[in-house]
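In the two complexes that follow, chain A is the common piece, with chain B as its partner first and chain C second.
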Partner chain A sequence: MASIELTDLTKRFDDVTAVDGIDLEARDGEFLVVVGPSGCGKSTTLRCIAGLESPTAGTVRIGDEDVTAQEPHERDIAMVFQNYALYPHMTAERNMTFGMRSATDFSSAEIDRRVAQAAATLGIDDLLDRKPSALSGGEQQRVALGRAIVRDPAVFLMDEPLSNLDAKLRVQMRTELSRLHEELGTTTVYVTHDQTEAMTLGDRVVVMNDGRIQQVDTPQELYDYPSNRFVAEFIGDPAMNMLEVTLEAGSSDPIVRHEAFTIEVPNAPETEALDGGRAVLGFRPEDASIADRGTSPTGSVPDRRRTGRGDSERTTGPIEATVQVTEPLGDTLLCYCRAGDDEFKVQTAPRTGRAAGDAVTLTLDADRLHLFDLETGEAIYHSDTDRERRAATPEP
Partner chain B sequence: MGTRDTREIYGGSLGVGRFLRERGLRGTIAYLREHGVRGAVENAREDGRSLLGELRGISVAYLLLAPTLLVSAVFLYYPALEALELSFHQTLFFGGERTWVGLGNYETLLSSSAYHESVAITIAFAATVVVGVMTISLIVSFLLYEVDWGQSGYLIAAIWPYALPPAVAGIVFLFLIHPSIGTLTAVIEGATGLEVDWFSNGRQAFFVVAIAAIWKQLGYNVIFTVAALNNVPATLKEAAELDGIGRWSRLVRIYVPLISPTLLFLVVMNTIYAFFGTFAFIDLMTQGGPGGATNIMIFDLYRNAFEFNNHGLASAQSVVLFAVVSVLMYVQLRFSDERVHYGA
Partner chain C sequence: MSRHSNTNANANASTSANASTGGESRRFPIDLERGLPALDGATLRAHAGLLLAVSLMALPLVIAALISFGTRATFTSVSELSLETAAQNYHDVLFRYDMGQYMLNSLLMSVIVVIGKLAVSLLAALAIVYYRFPFKNAVFGVVLLTLMLPVPVRIVPLFQLAADLGWANSFAALTIPYLASATTVFLLRQHFLSIPASLVESAKLDGVGPLRFLAFVLIPMSKGMIAGVSVIMFIYSWNQYLWPLLIVDDQSMQVAQVGIRLLQGVVESGDIAWPLMMAGSIVTLVPPLAVLIIFRKPLLETFGVE
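Coming up: the complex of A and B.
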């Protein structure tokens, strides 16, 4: 096991900068997920760690060693590829042992022992004699994982290992990867474009875009306190709503003014500086709720997914909107609402009979509001103050 | 009950073929015996499918095949049969006058020690050329595939000799390594201490012609091998790098098995080339000499036909040549069936 440290890592391909001077640390034994859209540089970063690409600038350290100039096989790493990269002409067992038998000094007995152990862990005992063409996608991926495990490396690198699997298998393998990491405790860097995978697997998640790191945090922190618009919109499904607003000083709390509504935002520091300024208001679809007809818009928010979110149940509003489209998701009903010229999504309880054309009154969870700078997209403020409290308690 | 089965027969545009594949010939015959052709047709009609439509589909297929079949028949099968017939005759005046001699020509060949020598030389020559071409082109292709800079330049350089017609290539090579005026001759003599005298030294002549034939055929092999290497997923190379597999080990143990279908194809093509396509080199460079050292079968039969005007004997020789190459093809394909890895 080992930590990984990237310092000012840069990779340019001709005139394209794939990775733009990133600093990143994967702690010893950590499951670090790098997530971002296609072309954000996440795979290139991983390949630089593996040694399959040599960085234009910067250093890669694994453990206490600077490995920037080392060949891939000198780095004590194992990598799992999206397309599995199994040798098609070799049996599963041969695939797992080929590298060790041809390029290491391990004894045959030791290799056999490790293969048996890895096969048992992954449940592929019966498949060892088969060639990849006789294995399903999930089985091939297990063999590829087996090949990584038998080497007992300091670091696992995984490049979208689940992307070629069908949806059901992907969820199953995701759980298995979690279990495997718990069992082995090997430092893992995992690249994916799928934010659900990132959130479910990662001890910490690195969000990348345009070759730069946008934020590194635990999944919940990323979700609750996105440091900029990109992270806010990338993490979470359905994505966070973004509305352009004007900020004003209010009587007690500052006021956010939109062409169709005006709401108060609590706990905002330094709003004087923003007075009259333009900003972007962000709130998640599940943090807006449709007030029941006839009740006061400043009532309590219906209890949905509010566990673990402190004791405040303050709301702010009202927002008058019209339902444009509804998408029933089974457990929730997603309403696309329009207020003024802007459209946004609201996740509500199912079976409420909302339909397109309904006029609704919305309230927002006052502790779940975010403001972003209109120009830079940087987060100006999150209305939740729990973060300081959380930050004060040491990490487990 | 027949309805489902006939649907199998007539379903799809070439349903008959599929039915045959699934049941085998015996199964199909058994089925037709049970239901009769008429029954099968009626069942098909019940299914709303037209047997006529099926037949029309098949006739269109043959119509599309017709040009190829016609050309093959006129220029390949007919001359081949004609040659076979000619081989049973003694001839004069380009086959204008023939006398039936039965297996006489074959008996002549069987008892001629010169011909035995020619066969042995041909096989040694073909083996040298095939092994030489395959080995060198595999290494050249691998280097080309791995090089980071200037790949297309190297590729053109490697393929270029193939762009020459064999006769031109033969002349070019003749002047490169001519014993007295060759541009490379002095260099080779200086470097190795050998005396280049392949006009009189049979062993040298054999290798010079073999090298010329190899040199000419490299480009063809490089094109296919580089293309095949480029089809191997890049992640396999990376997996091997991570596994710490050395370069040559990677070539031999990963790439060669993965491109084996292409290599098999090249073995077959190179064999045909070595037996037939090297005629121009022999004709231009050694005339089968010195002392018959390069008198390969294709050249020997050419001389019998067009210099000694013995078309019957030459036809018998070409039939033997055909048989030898056919057997070789069969052995190659049979042998490789177990080793070639398809579906990389």
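Coming up: the complex of A and C.
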């Protein structure tokens, strides 16, 4: 086991900067997920850690050692590839042992013991004699994992290992990866473009875009306190709604004015300079509720998210909107609503019979509002103030 | 029932006839329900065309074979052919006129050339695909450029060089000029490029060295391609004529293709001994034909036919 430390890591390919001076640390035993859209530099970062790419600038440290100039095999790492990278003409067992027999001085008995152990851990005992062509995608991925495990490396590097699996298998393998990490406790850097994978697997998640790190945080912190628009829109599905608004000083709380509505934002930012300024209001589809006309705006819709958040029942609104399209997802109904010229999504309870054309009144969870700078996209303000309190309590 | 067995016999006859015309994967379409081959105009025309093409191509060979069974340069009737004459002709060609020795030389030369070419080309393709070195593409371009300079074009300087090195009448002279092959490098390069990069990277992470990777991963994964290009190289080498003719003047070192030419010198009753020449041609044909038949499958795969 070891920690990984990247300092000012930069990788340029000709005139394209894939990784632009990032600093990152993966702690000892941590499951660190790097997530971002394709071309954001996440794979390049991983390949720099592996030594498959040599960085243009910056250093890579594994454990206490500067490995920037070391060959991949000197770094005591194992990598799992998206396409498994199994040798098609070798059996699963030979695939797992080929590297070890080629380049290490482990005894045959030791290698056999490790293979047996890895096979038992992964449940592939019966598959060891088969060639990759006789294995399903999930089984091939298990063998590829087995190949990484038998080497008992200091660090696991995984490059979108689940992307080639079908949706159901992916969820299953995701759980298994979590279990495996629990069992082995090896420092893991995991690259994916799938934010669900990132949220479910990562102890901490690194969000990357355009070769830069946008935010590094625990999954819940990323979701609750995105540090900029990119993170806010990337994390969470369906994505966060973004509406352009004007900030104004209100009687008690500041007011956010949109062409179609005006709402108060509690726990105001003190920045007076924002008065009259333009900003972007962000709220998640699951933090908006449709209030039936004539009834109290609060509590009309069973709210799944508030469980565990206790006292927070404050809402703000109302917003008058028209339903444009509905998407029934089974557990929820996703409504595409329009207010003024802007469209946004609202996740509501299913079986409410909402249909396109309905006029609805919406309320927003007053503790789940975000404001972003119009120009830079940086977060100006999150209405939730528990952050400090929560940061102090240990993660589950 | 009898009708069915009858059609089966028919079917067998037509498949074997079909196989002999070269289409091994195409089965004659047979409809067992009706018990009659399903024939339509297009199939018939296609088969007639194939038959015509094969006959035309086989004709010289058939004539050569027939002449080698007789005593004269012309073939007039089947009654003139006898197995005894044929046996005598082939025996004379192989042992009295040394075709056996020439063929042995040819075989040795071809095997050395094939193995040498493979070794050189595999290493070259490995370097071109998996190593980073300056002017890599330019180097590969130069390799391809040599395709424009086949042996006949550079035969005079080559002769000078080989003679200066004292290689005349040696296997060194017969084989070394042929060891580099741009075609093989090119084909292997293309094949290596089709192997996922992650396999190489995985090997790099494991610390598997390049030669071990070549021997245990690349070569096993390229078996079909290697067998295919080997067949082509073998036949190419077997058919060499001009260069051996120039560089070898010791008859015991001569190769089969030149051997046929030497058979022209055998004069019987004031005439070239055509039956012997034809017998020589036919035996010379056998080894490449055997190689072709044995390695038919990988060869077709190499060219993406199958």
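Following the convention adopted for this analysis, the second predicted complex is superposed on the first by the 381 of 396 C-alpha atoms of A that agree within 3 Å, B and C clash if a C-alpha of one lies under 4 Å from a C-alpha of the other, contacts with A are read in each partner's own complex, and residues count from 1 in each chain.
The rule is short, and it goes like this: a residue touches a chain if its C-beta (ideal position, glycine included) is under 8 Å from a C-beta of that chain, and two chains touch if they have at least 3 such contacts.
Predicted model, so just to flag it, every value in this text is computed and none were measured.
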{"item": "Fit-or-clash call for chain B and chain C when the two complexes are aligned on chain A", "value": "clash"}
{"item": "Which superposed partner A:79 touches (first chain B, second chain C, both, neither)", "value": "both"}
{"item": "Touched partner set for A:21, first chain B, second chain C, both or neither", "value": "neither"}
{"item": "Partner chain(s) touched by A:133 [first = chain B, second = chain C, both, neither]", "value": "first"}
{"item": "Where chain A meets both chain C and chain B, residue numbers", "value": "50-52, 71-74, 77-79, 81-83, 85, 87-89, 98-100, 102-104"}
{"item": "Complex contacts: residues of chain C adjacent to chain A", "value": "196, 198-199, 201-209, 212, 216-217, 220-221"}
{"item": "Chain B-facing residues of chain A, complex", "value": "50-52, 71-74, 77-79, 81-83, 85-89, 98-100, 102-104, 133"}
{"item": "Chain A-touching residues of chain B, taken from the complex the two chains share", "value": "233, 235-236, 238-246, 249, 253-254, 257-258, 341, 343-344"}
{"item": "Complex interface listing, chain A residues touching chain C", "value": "50-52, 71-74, 77-79, 81-85, 87-89, 98-100, 102-104, 147, 151"}
